[in-house]
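I have a structure here, written as structure tokens, and I will follow up with some questions on it.
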Amino acid sequence: MALHQFAPTHYFTTIGSHTPVLRIADGDTVVTTTVDARGGDASNEQITERGNPMTGPFYVEGAEPGDTLVVKLEKLRPNRLHGWTGKMVAPNIVDPSYVRSLPWPTEEGKSLAIWEVDNDAGTVTLIEPADTKLGRFTLPLAPMVGCFGVAPARGEAISTATSAQHGGNMDYRGFVEGVTVYFPVLVEGALFHIGDGHAVQGDGEIVGTGVEISFDVQFTVHVQKGKQIYWPRGENADYIFTVGNARPLDQCVQHATTEMIRWLQSDYGLDAVGAHLLLGQTVEYDLGNVFDPAFTMVCKVPKRVLPKI
Amino acid sequence: MALHQFAPTHYFTTIGSHTPVLRIADGDTVVTTTVDARGGDASNEQITERGNPMTGPFYVEGAEPGDTLVVKLEKLRPNRLHGWTGKMVAPNIVDPSYVRSLPWPTEEGKSLAIWEVDNDAGTVTLIEPADTKLGRFTLPLAPMVGCFGVAPARGEAISTATSAQHGGNMDYRGFVEGVTVYFPVLVEGALFHIGDGHAVQGDGEIVGTGVEISFDVQFTVHVQKGKQIYWPRGENADYIFTVGNARPLDQCVQHATTEMIRWLQSDYGLDAVGAHLLLGQTVEYDLGNVFDPAFTMVCKVPKRVLPKI
Amino acid sequence: MALHQFAPTHYFTTIGSHTPVLRIADGDTVVTTTVDARGGDASNEQITERGNPMTGPFYVEGAEPGDTLVVKLEKLRPNRLHGWTGKMVAPNIVDPSYVRSLPWPTEEGKSLAIWEVDNDAGTVTLIEPADTKLGRFTLPLAPMVGCFGVAPARGEAISTATSAQHGGNMDYRGFVEGVTVYFPVLVEGALFHIGDGHAVQGDGEIVGTGVEISFDVQFTVHVQKGKQIYWPRGENADYIFTVGNARPLDQCVQHATTEMIRWLQSDYGLDAVGAHLLLGQTVEYDLGNVFDPAFTMVCKVPKRVLPKI
Amino acid sequence: MALHQFAPTHYFTTIGSHTPVLRIADGDTVVTTTVDARGGDASNEQITERGNPMTGPFYVEGAEPGDTLVVKLEKLRPNRLHGWTGKMVAPNIVDPSYVRSLPWPTEEGKSLAIWEVDNDAGTVTLIEPADTKLGRFTLPLAPMVGCFGVAPARGEAISTATSAQHGGNMDYRGFVEGVTVYFPVLVEGALFHIGDGHAVQGDGEIVGTGVEISFDVQFTVHVQKGKQIYWPRGENADYIFTVGNARPLDQCVQHATTEMIRWLQSDYGLDAVGAHLLLGQTVEYDLGNVFDPAFTMVCKVPKRVLPKI
């Protein structure tokens, strides 16, 4: 149960079987940092290429294919003052005939907005452009991690632009401090990667970004031996949830719901009919992202309706 | 501002330009009843054919194409003791390879579950099947209307199985008492239909039903002259929202988001860039249904972030 | 086996249970005309509202729900000199980010191209705009019917903009002279409608039109009593085929393939495994339309590989 | 313009920046072999792990990102007597409610069918199972390559189960001998991979396989310097075509059509309106696969309608 302070020196824009940057044991905690989606660090300098650079991978001893990696997100904290966002809803989010009416930026340099992030006040404030009707628009700080996961099987190295069964760029705003996430282990050591912090984000990441910013992060890992899952799962104070990553959203729903049915039957003692009846009248779905190459839908069941185990 | 007590004598399983059952004026209130999705009334007798039979249509004087019909849902109350649901998640909601593993009913008569609805206690309780691990599973009562809307243009009569710009079978659990709904008026008199009450429902209507039950309903209508909208909209204490009905869900997102962008700019004084920046970091999406021929996604913006007008 | 000369006096822009314009018997032949998609007749005058106006419906005596209506397309012939097309691929057919780059028309009146149709020469020639690099671009005449079908069940009246199990606006360029088409009978008398002729069309109807033109048509109907099908089917000299109408295209493939599996087993004496093995290595798919509210995919099996019956 | 005889000693189940097995020059020809989708070689022995193992990668000197790699498929020839196929249409190809009715294999070992491939006679004949109504069903031999392409950018290594802009597992039956294929070069040397031969295949690869078999292959490469394309393109005697790989099929259509519009304008001297008018009335689409994680649609324009350049 060691505590590792890890200062990254290089980053990856794929999630894959890269040489581990650190070996950690079941129960260990890692304190580290992540750069923003364009490679900007805590001093807002670009130190690596853009495209959701990942900190890691972390090799978790004892983790083997067929196990589950448990990652407790203990700290997700912006570590600088300014973040940035897109300024326009992505073309695929509106009716095709409306695409021409979008507020396309007229100059390249002006395609991003700048937001001020105040950890103490717990706020995120739009500061540029200053001339919209929104003015200095302020939102509550709600830091979340956009892209994280484990190495896929068979030597695949999957772009951090997208997501799949290994996790990846899910851009789900439910991945906040305090959440426990479960990943299927697909290679020896699991090879956990993390990055792409957002100070806040709307559902769907429809402008292609949250408020993109570098993070201080802390997480603790556990290995559930012989516990096989197929898609990322998670748990917070109020819900258990499963994550489906695919296109179209209909297929995300299929993946996430199938995974939840399995979970209810394997871990909550429900027979099949009971699981279906429960889901039918209590399930909730969140939209992760509808922007990346693979979209994300999340299937949630409130803990208050789950059978006590 | 008359109050009409209306007792239906016949029902329609399409939403279309049927002969109106009642003519009402802007500001009038209607108190009436709806049968359940299989035509069952308050005494649980089937009095009309199944398939979401509609009460109405109500002709609203003065409403013309290009106007908006405002419907305030003032009362949505189950009026009998028992409702019913499907027992199995629909095949299109799970991975195709998992369909065989669903708990297919072995006898026809056993395909439905029965739930007891207690208006006073505010509960919905599973009573049959009694032999699942759920036992007598109780949920909070949360009545909502599954199918309602206005006649489509050009003589179309659209099945109450599905939905489109006119509304219809959206099966969105946000359509509860207290919500104000806006429909585009597409024919003279708007021709408002309502039915398909659910005592409670999970997101997506994934077992193909909520707790299906007959309702006492009360609603008040208004006409916004010359106000053109393209998709149903709604408003509750905390949110404004727009509804997109289509397949796949990706297209629902497009319809609903486009409609919201229009709304923010026309009614909330936002310039285009401001509207996009606001949406990007604050939008929320709800899943209406992912079961009917057309699916439903809802695009929501919290009122607390809207500019004061 | 009467031959009916029918001159239409009015048209419908929905396919539904409208009052029949003519009652015909099993084996009868109808000779009639259709107007183009904007209601233009043989003299290129607009005589009815736009939106794929239908000639019909024709009531076929003896046809009842659960039967199949057989329609032999015997003549599909443009009956005037000029047709028209869209000039731009529809926004939903290109990448969302490319929509802005489409050649949007700058003036309303210029959104259509004009083509000259020469029945004798068997050619279709672009005449306006005259200033593209294509010049007077000539294609072989290949007349097909865009929209036809039978009334849907339960009083639905479905817009001729779209399609479903009853047929409708499939815009499949395989519906040419000589083809036999099968529709599920859904109401008494079947109520056959036909219209929306194209002098030629590319796959997908990607500019939103074929070369739209009025037609002289002749067809002969038969009723197959007690023969139940679920989606339109067809047959030409070389293929049997089934038609799926839905969104996205993936679902069209599901509908059409399922219908073909049924057909191979019920009519061609194939066991299930045989049907699947045959399909796997010989099936062909055509893209009907990818423009209308419902898209169309066609599943084809070459007659040369079918077991002799 | 060397001719390389290359005997592979190992294979990859991802397409990525692996160490090249051979360096070749612009204009060079390679004669080599591929194993079948389960790693079976010319003597039908499994010599490598299953999952579309690739021969290569071949490093093409001078090829850099921003160039186009031209691959002429000169020989694609089964090199053994027996191939195999799936026996059942995949669950995602039929209506979800029909999945239960599929002929699911009752024993694991019986999930494959065996076909005899006769190069001299030019036939493929079903030999096992022998007890279907098809009997010894014979088809014309039509060898095609299922999976081939170039290494993706930024260190990605993409599973040979799927496809994207780099090519990959497109399973399009138009990739036959004599076809010239164009790939966007995404890394230095292009790194061309090839494998997954099919003796014959239906559209869509709907049973999850063609007649899977090992191949003798010969191809010649060229580099088009400074010629940037975005998706695979191809050319045969009668057509030019572009390939879109994604889900759902609708998105494949978008990718392929957008690429074709670019091609018509850049290489065939067409103005935008001319390109759109041409496509609208002459385009054809083929269905590549509708089985793999990414589906494939092909957009074709007949050479006979192209402007002479």
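Chains: A, B, C and D, in written order; residue numbering restarts at 1 for each.
Everything that follows uses one rule, which is that a residue touches a chain if its C-beta (ideal position, glycine included) is under 8 Å from a C-beta of that chain, and two chains touch if they have at least 3 such contacts.
None of the values given here were measured: they were computed from a predicted structure.
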| item | value |
| --- | --- |
| Chains touching both chain C and chain D, listed by label | A, B |
| Chain located farthest away, centre of chain D as origin (C-alpha) | B |
| Distance from chain D to chain A - Cα centre to Cα centre, in angstrom | 34 |
| Distance between the centres, which are taken as Cα means, of chain D and chain B, whole angstrom | 47 |
| In chain B, residues with contacts to at least two other chains | 92, 96, 247-248 |
| Of all residues in chain D, those that touch chain B in their complex | 90-92, 96-97, 99-100, 104, 248 |
| Chain D to chain C touching residues, read off their complex | 85-89, 92-96, 98, 102-103, 113, 124, 126, 129, 132-134, 137, 139, 200-204, 206-207, 209-211, 247-250, 253-255, 257-258, 261, 269-274, 276-287, 290, 295, 297, 305, 307 |
| Chain C partner contacts - residues on chain B that touch it in the complex | 12-14, 16, 51, 152, 154-159, 246-248, 251 |
